[in-house]
Every structure is written in structure tokens, then in C-alpha cells.
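Have a look at these structures, which come just after this line.
Below are two complexes that have chain A in common, paired first with chain B and then with chain C.
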Partner chain A sequence: MSGSTSPAAVQATGIGRVFDAKGGPVTALDGIDLRIEPGELFGVLGPNGAGKSTLIKILSTLLLPSTGSASIFGLDVVTETARVRRIMNLVAGGDFSGYGLLTVREQLAMFAQFYGLPYREGMAKVDAQIASFGIEEIRDRKISALSTGQRQKLNFARSFLNDPWILFLDEPTIGLDVSAARDVRDRVRAFQAEQPGRTVLLTTHYMAEADEMCDRIAIVDHGRILAQGTPTELKRMVQKDALFVVGIDALPASMSLDSLRALPGVISVAARDADGSDASGVGSPMRRLAIGLKEDGALGGVISTLAAGGAHLQEISKSEPTLEEVFVQLVGRGISESDEVSDGE
Partner chain B sequence: MGSSVVGAEATALISRIHEETSWSLGRRVRHAFVSVVARAYPRVIGAAREPSWLFFDLVFPILGMCSIVFLLRSRGVDEAWIASTILATALLSFWISVVWMMGAQFHWERDSGNLLLYITAPVGLGAIALGMAIGGALGVVIRAVIITVAGVLLFGAKYQVADPFLLALVILAGVAAMYSLGVCLSSVFLISGREADHLGSLLNEPMQLLGGVYAPVRSMGTVGVVALGILPLAPAIDALRQVAVPQLAQTGILPVGVELVILLVMTIVFGVIGRMLLAHIERVGRAGGKLLARAD
Partner chain C sequence: MPISAGSAPEVRPFGPLRGGAADAARSLVASARLAWAIEGNWAQPVYLAAFLIVRPLAFLGLFLAVLSIGGSLDVATIGFVVVGQAVFQIVSAALEGPTHALLDDRERYRTIRYIFATPSSLLPVSIGRSLVKASIAGFSALIVIGAGVLLGVPMRAGGPDLVLLVLVLPLGLLSVVGLGIVLGGICVQLRNDAWSYPEAVSSTVFLLCGAIFPLEVLPGPVQGISAALPITWWIEGLRRALLGTTSPGILGAMPTNELLLILAAGTAVIWLISPRLFVAGINRAREKGQLDRNTAS
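So, the complex of A and B:
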């Protein structure tokens, strides 16, 4: 997808941002190059302080870059801010905006006017969003009486009112319970599916969320993009070889792990269940072998050898690294460790 | 996951988006107008939704008014001054709303996260500020009317309004000038932080004195003339006193017509300065990154 010459939804070139701080200038972004295609759901993954929010603020016209340039659907975020704002919307996690005295419906109606929707069309969209998020029962409730999850659903409903071509989501599920987070993720997917070309830029430090939702991901740390690609591409970066887990009843007496390692195309063989006990606790005992191969095709030789030796095959699965492992390899620490040592953005 | 649009489809999509984002002048004006109304709504509805606000906004001004009236009566002052005090107290409600509510509003909007949403919406801060002002003024009208009615009922004040249109014009011009100043104050308070807020509270009583709430600005000599040129409250109360209480017309520092012009000029000047300050806020906020950001 990247490298295309067709117009991009987001095009950032050499974006840098330096903040003045008491202890001296702080570089939040350092030469970010980014291209997001129309219709993509692009994730920016990184620990607190990595520069994710700064990047989203620049792209959403809230902040000027110190260096570089960026455009949204060909509109410059520095010089064509008014036009950019007509096609975008933003949801941030932990957002408690709004007026406590207004009801949910009134609040949405107010923003529909701010977004330039004609009154009737605006009210129809307000009611449609209320229905879409399943918050009909709180439509006449004051904002001050809403729970965190309800508030975030309201924020999402607000952000969909103007049918934005680009939606910026800055840690949108932070503080939400599992069910509410799943609801909003489903709505984001549905929102994109409704109209080809709708683009979403998501910042998060929830690995599973990024893995589940994003077409492509950029891993950011200390203001730089360390790697970007599809989740599968990123995982391949840390695991170039194929890794399979093979479950058998027992390793034949005539066979050792070393003999398996000697097979063509086999790189490594390790016992996953060192004690040989039944991993599940039920049924026949099973022994799992983690087998690293130069290519998937070498698996056939391993299975044939095991079968010829008398082992009964019980399971085969291909093992993939997680984004967490990708992150650790690229950043040099886990995301939770990063959060602890970070100063925050 | 989304499915990306590339090639000719992407080109067509971007042409469509560029067309959608090119708003005509008429559309921009209509949008600004409805945004003003939309932002005014929470201000107007607020008083009805939170009766305690109305109660406290009425009780304290009426108590203040009573204390001045009792003081004036104990000194045997002409009853015309009682009528004047009641009107000044009613007009003071607008002033207090300007200094406290308008002044602190952007500060509050920023800390609640609303300011970021306003900035990222295709609506100018000018429309938001105007909505705040109009909504604020409309919300205070009920209070001002109740204070006036309470004063009339409690103290039997009498008014002789020869020209109701002129009276309405004076009130309208006074309120417009005050809220125009309020737009400036809201920007200044946001830029200067809590210090400006504290300074505003500190100067509240002196400003009321200089505004002619307790005594005509004419009696203050040069200080009164200066106040007339700076504080919208001063020409507004001075003109109101001349129009609604003719017995006190001789206490006016300038003819009503001139004071109306002063109020009009103040509305325009403060409006222009306010507009510049709002643009400055956005510019500085986007450049520095802190002014618009919520203080977490």
C-alpha cells in the first residue's frame, strides 16, 4: 500500500516538533514520514511520551509542527486548517467535554450545528447516532449523570455526526471496560465500512487493540517511527523463520530431539512441556514440541519422521509472535515498562 | 478493518473532498449564525436547569441592593436615588456575569476539553464567544427583571420613562458593550491564567464604584470621566439613570446621545480587540502547544 503515487489520506514528511520546557527544549517528534491511504485504519503504537499524541495533534490542526509538512486528503494542516476541520473529527480517551446541564441529545444537537449540518439533517443524524450506539435510554439524561463508558459512547456519537473523512482516535478506549471498548471498536469498523475512503488514525498502547483493528501500524518511540507495516509484516520482522508447535502422545524411544534437529529444513526443536505431562489435564498425555523451520514446507518431513517412529500426532499449530514481542524487539523494553519510565506526553 | 481506496478512485475521492470543503461565503455566514445560537443555548437553558444558580444570583444582589437602599433612606435621600439604585443593581447583574462568567469561561472550556473540540470543529472561536455572550446576556435578563420588580415591590420605586425606545436602546447598548468587553476578558484570562481571574475578582468592587453603581460618575470628577471612557458600566448606568429617573437627569455627566455613542464605540472597539485576541489565542495555542491543552 505504501509507496503508491495515488493521493493519500494522510501524507506527513519530516514532521518534527520541539517543545520548550523548563529543563530545555524537548523533542517530541523527530522527522516523522507517514503515508496513510484513503480507507485505511492506521495505528500508531507506542508508550506514553513516544510522540503519538503530538503527531495526532499536528495532523488534527491543533498544533503546528516545528519542521516538515503534513496534509490530509491533500489539504495542508498548517495553511488550510479551516478546510481540514470540515472533514475531520477527533475522539480522545478520558474526554469529559461537554456541558453537564445539557442532555445527551442536546449536546449532540449543539455539535451538529458546530459541524455545519442543516438543522433537520443534524437532528436526524443525532437520533441515528443515538440509536446506533444503543444509548436511547440516556438520550434525555444530563451529561453530568453519565458513566465513563456512556460519556465515551457519546464522544464517539459526536465524532460521527459530520461523517468525517478522517477520524483521529487518541487512546479512545482508555478507561473503558471490556464490553464498552468492544462496542466502540465495532462501531468504528461499521463506520468505515459504510463509506469507502473513510480513514481512521488510531493511537493506542493496547497491543491487542492495534493488532485486531489496524490495517497497518507504525511503532513509535522517542518521536521516531521505528517500523511500520501490517501486523503480519511487523511480526515477520522479529520472526523470519516459521515456528510450529506439534503435539504428540510421546516421543518415540528410538528418537531424540537432536535427531529431529538433523532433519532437512529444521532449525530448532525444543520441548514445550518439559515434564511431559498432559497440558490440558484431561485425556492422554501429550508432549508439545516447538519446531523452528526454514520454511513451512519442511514440516512434512518432521511429521513423517515422527509418524514413522510411532508417535501419534495430536495437534499442529503455527505459532506467531505477538505485537508485544515485536515492540520489545524494536523498542528494547515492554510497553508497560516504557510507561513506567516515561515522563508522559 | 478498512479497505483502502487507491489509484483513480482515490483521485476522484480527493476531488470530491476538496469540493465538499469549499464553502461559499453564504454558507460560512449561515454556519456562524447557527453556531452562535447553538453556543448560546446552554447558557440560556442553564438558569432553568439549575434553580440554585437563579436563587443565589438573585438573593445576593437583592441583599446588596437592600443594604444600599436602607442606607440611603437612613440618610433621608430623595426617593429618586432609590429608584436609581434598583436599576443600577439590575444592570450590575450583567456586569457580574461578564466579569465572572464570561471572563472565566474559556479557562473552564479548556479544562473541560471543550476548547479543543471547538478548535477542531469548523467553527470560529468568534462565533463561540459571541454565542457565550448572547446566551449569557439572555440568561441574565430574567435575573435583571426579577431584581427590578423586587425593588419596585419592596421599596415602591417609581419610574417615569418618557421614551421606552430610548430606554431599551440604552440597556441594549450597555449590555452589548459589557459583553463585548467580556469577550476580551475571556481571552485575557485564558492567556494570563488564574492571576487575571484573581485580579478581576479583586477589582470587582472598585469597578462597581467607578461604574457609578453607588453614586453618579459626575461626582468623581476626572476619575469619573476616565471611567466613562473605559468601563461600559459607567456610561450605561449614567444614561439609564437619566432616561428612567428624570429627576436625576441633572446628575448625568454627558447627554444620553453621547453616552450611547460611547457605548457603541466601546462595543466595536472591544469587539475588534476581542476578535484579535481570539485569533492570538489560537495562533499561540497551536504554536506553543500548551494554551489550548487541558491541564491534566
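So, the complex of A and C:
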């Protein structure tokens, strides 16, 4: 049943959403254009109130857009909801959802019914998910007695019951400890590896999570996409040149930073202290030089010049910008400045 | 790793996998099971006893005490009140059921988004929850009727009229569940105080439907509203089936076969309209962003 032009996992065109609030209308989304290919793990990164959850709610049929349109594997999220809901699932972090009086297995069984699975098939899937999350020991425990991490694993187990083609994850690891967050990420990766084409759209505050997991990332603020690309592409936006840090015992007396700057392929040279801050470095046991180059190959000339002058080389490292730096440059503030929740990792 | 576009996971038939009706039935049963587990808080028998036994009996005692002030408390009056009060246990549970299920799922259990995002409709889910709430309230109804027997109310000679009971009971139940569905679709659009609306409606209906006093007590135009409520005829039908007597006044003047006809027609009209109103209400809530937003957020 494969057509000639295959649909994107997510295709959103000009999505806007305005809420009526007491103080007047609030624009949560302001013209989002997005295309996610089948099989991608796509991240949406943005500060509080950027519109991340609103976007996920619209794509997962919980909310209607005010303007624009979106489809999931070619199915319209406004008009073809019944079909969309068969091929997607959703997990939000930070909410303690669940019927406290039900056991883990009972709640999963109930959702299996809501997903339209026949009883036997549903129970087999429930038990398989319980096993794959390693939560057999709590399968007959009441949900009211679960820890935050166990609840979120249960929530994830539910989301896999209908073998979704696309999984929407809204800050899924918020409030989880390092090991529970890792378990959840591993399961998401395994879920994608099991079947080619399975797609994940993840919103997060955690830079490390986005950097580590996502094939591509969109940075959003005030309901708009400010930039999107692979993590490497985004980092290249803030730093186009190759940046190396070279540690030497001392700068030879015959040499100045200006003489290094004059070497071919060198764009900039700056002295840097061990803690990374710019400083004179006089009298310190080691001097670090931050050297910006047009391309990696120009490093050889710099090193040989330093060596010829009698400097002893102690370390060389390539300095990569972090996503945090990309974020600060695009959004104008750090993600943690706009957020009380501290980065878990 | 992104792979070339178009390699969607295993191709699965899209249309209704097992047919809409089968899916709806499955959802209804699943939510009925859920309601049985969470509404009957069977782990807390004291709470359950207070709610299902003490409360309805206390209200019955209150109504009888008020009526006895006039000094005219014969067994016929007690019988009238007992059946009205018993049936109303079920009426209020069914009227409030869907709203409370939706609001519970939104505010308390925070599961509504996950249920709404399944292929199942919230309609069978709400109906299933409501039916179970009404059935549990049926237990209270039996307790109230038992109290009536102890108070000396003469029941129908030879036991209840089973034929009438089998006709009247499901029709009336369906009609109140249908009205409850409409209330649910309205209240889920509201953010604040939505809990108390169905209770206000059910209290009003209680006064209108001849549960504890005859329709003649009401002003003329209001009597017309009472006569249009299927619940009024449901209660009267059950009085005839259980007590074997007709009530005084307008209620008693209605022949039983016409009463059945009104009840059936009313229930049919309700079910023609209520699912549409419910779905329209849910869609409106989806549009406003009210489905996934609890009062605390």
C-alpha cells in the first residue's frame, strides 16, 4: 500500500493557537512549520511558556489549532482523529496520572481495551510491556503506592500498548532520578530500533537529553521556531570556525599572541585560564590558548611554530559549543534562568 | 537514525479495526469495570456504608418527619415517599455520573488526556461509568424500600409486578443516563464550579418529578414541565409495580399503558439528542483547551 509520495511522520503548516485568558488573548503558537520524517527522534527545546505542550496537544488531537493544519503520516489531526489515535501515543511528564485504586496490571488492561485490542491480545501486550520495563514486582501493586519513577514507567508501558507509529513525549523525564530517566530513554531508543519508521517527538528542558537523544532539534520561544537542525548544525550556527584549546608550559619570549594570529588559517588567539576565563596567565604553571582556525588543518602550523619557539605542548583539545550556548544566543537567556526545575543531568 | 521517508511501520488496515460498535462495547465494559473498582471503594466499608446506607435513610427520615408535622402520615403517604426517595437515589447518581466521571478524570486522576487520545470515544466511557454509579445507587434504593417495609408500607399483593418492572426500570434508567450525558458534555467545557451544576440540576428535578410530593403542590405551569420529564413517569411506574397502587391526582390519572408510551417516547427523544450534544460538548472543550487543563494548572 505504498504510494509514490510517502507522507511525513509530522507535517505542520502555519500552526497557530490563541487562548482566551482572563487578561486577554494569549498566543501560545505563532505559525509553526515543521516536517519530521518517519524514523526520526525530533526534539523541541524551549523555555517555559514557549508553546511546547500546546504543539504536542495539537498534534496528538487533544486541542484544536486556531490557524494552520497538521497531519500525522498523512492523516489530518483535526478531521481524522479516530485514525490518528490508532497510530500515535502520548506521554507527559510531571503529572501524577492514574487510578490509585487500580493495580498496575488492571490499569494497563483497561487501556488495552480503550486501544481496541481484543482481551487476550491486550493482556499479552500488557504483560510484555511489564516485562520489558522490568516492573514485574509491582504489577499487582495499587497505583497509589507507586513512586514517581514507577508511575512514569507505567505511563510509558501504556503508551507502547498500541504499537504507535509516532510517540509524543512532553518532558517525559521531568522529576525522574538519573537512573529512572536513563531507563526511560533506553526504552524509547529500543522502541525505535525494534521497527524502522517509528518516530518520536520529544519536548524537553534538558539540554543534555536533547543533545544525546535527538536526530534533529527545533528551538522554540514565544510560539515560534527560532532554529532547527541536527545538534551539530545548531552548534555550528553559534560557532562557525574550529576552536582549539592548546595548553603549553609558557609562551616563548620570542613570541606574542599577535605573531600567532599572523599565521595562515588562524582567525583568533586568546589566552585562557584553566577555568576557561580570559586572563593574563602570567606566572601560572600552564597557559591555555584558545585558537580559532578557518579549518582544522591550520592547527599543524600553529603547533610547529610553538614547538620551534621552545614551548612544551601539554594538551590539545577541540572545543565544542554546547546546546546551552546555542540556546542562549537564540533565545536571549539561559533555559535554567527561566525555570526553577534544575537540570537533572 | 532517520531513515528514508515513507517507510512507515508495518502496514495495518486503517478503518475501524473491529468495527465501531465492538470497540464501543469494549470501552463501555472496560470503563464499567473501572467504575466498579473506583466508585465502590470496597476497601473502605465504613465509608461505603455511610454513603450507601446511612445517607439515604437519614434523608428518608427527614422527609417523613417534615410530612408528619401536618399530622397526616398514613402508610399510603409513606409508600409514596419511600419509592420516590428510593428511585431518586438512582436518578441523582445517573444525572451526576458522567460529569463526575469526566471531572474526576480531568482533575483528580489526570487520565482524561490519555483516554481522549485513544481511538475509543468518551461517550461509551462515560456511559459505562454512569451505569455502574447508578447500579451502586440501586443498592441504596433497595435499602430505602426495605426501610419502607419495616415502617409498614403495604407492598403489592403477590410481589412486584415483574412485567411492568422489566419494562419501566431499563427505560427510566436509560432516560436519566441520557440526561446525565448531556450534563457531562456541558460541564466538561467549564473550568470552575462545574462539580456543583449536576447536583443543582438533580435537586431541581427532585422537586419537579413528584418524588416526595404530588404534582398538584406545584404551580400550574411548572406542572407541565413535570409531566414532560420521563423521570416523573418512571417513578410513578415503579410505584405501581412495587406498591400495586396508583398515586393520587394527576400522576395516578395516567393509564399505565400511556405512562409506558410517554416514558418510551421520552427516552427515545433523549437518546436521539443526547449523544450529539455530548460529542458537541466534548469537541467544544477540545477547541477551548479545557479537556487537558485542570483547575489547578
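By definition in this document, the second predicted complex is superposed on the first by the 319 of 345 C-alpha atoms of A that agree within 3 Å, B and C clash if a C-alpha of one lies under 4 Å from a C-alpha of the other, contacts with A are read in each partner's own complex, and residues count from 1 in each chain.
The definition used in the following text is that a contact is a pair of C-beta atoms (placed from the backbone, for glycine too) under 8 Å apart; a residue touches a chain by one contact, two chains touch by 3 or more.
Source: prediction; values computed, not measured.
Undergrad: Once both complexes are superposed via chain A, do chain B and chain C end up clashing or fitting?
TA: Superposition result for chain B and chain C: clash.
Undergrad: So, does A:Ala82 touch the first partner chain B, the second partner chain C, both, or neither?
TA: both
Undergrad: Check whether A:Arg198 is in contact with chain B, with chain C, with both or with neither, and answer first, second, both or neither.
TA: Both partners, chain B and chain C.
Undergrad: Considering only touches as defined above, state whether A:Met213 meets chain B (first), chain C (second), both or neither.
TA: first
Undergrad: Should A:Glu320 be classified as contacting the first partner (chain B), the second (chain C), both, or neither?
TA: neither
Undergrad: Between chain B (first) and chain C (second), which, if any, makes contact with A:Arg189: first, second, both or neither?
TA: A:Arg189: touches chain B, not chain C.
Undergrad: Show which residues of chain A both chain B and chain C reach, each in its own complex.
TA: 1, 6-8, 19-20, 37-40, 57, 60-64, 73, 82-83, 85-90, 92, 95-99, 101-102, 106, 109-111, 113-116, 158, 165, 196-198, 215
Undergrad: Could you pull out which chain A residues touch chain B in their complex?
TA: Listed in rising order, the residues of chain A that touch chain B are 1, 4, 6-8, 17, 19-20, 37-41, 54, 57, 60-64, 73-75, 82-90, 92, 95-99, 101-102, 106, 109-111, 113-116, 119, 142, 158, 165, 189, 192-193, 196-200, 213-215.
Undergrad: Quick one: which bits of chain C touch chain A in the complex? Just the residue numbers, please.
TA: 1-3, 5-12, 14, 16-18, 23, 26-27, 29-31, 33-34, 37-38, 41, 43, 109-111, 113-120, 125, 286-289, 291-292
Undergrad: Touching chain A in the complex: which residues of chain B?
TA: Contact set of chain B toward chain A: 1-11, 13-14, 17-18, 20-23, 27, 31, 34-35, 37-39, 41-42, 45-46, 49-50, 112-114, 116-123, 285-289, 292.
Undergrad: Which stretch or stretches of chain A touch chain C in the complex?
TA: 1-2, 5-8, 19-20, 37-40, 57, 60-64, 73, 82-83, 85-90, 92, 95-102, 106, 109-111, 113-116, 118, 155, 158, 162-163, 165, 195-198, 215-216
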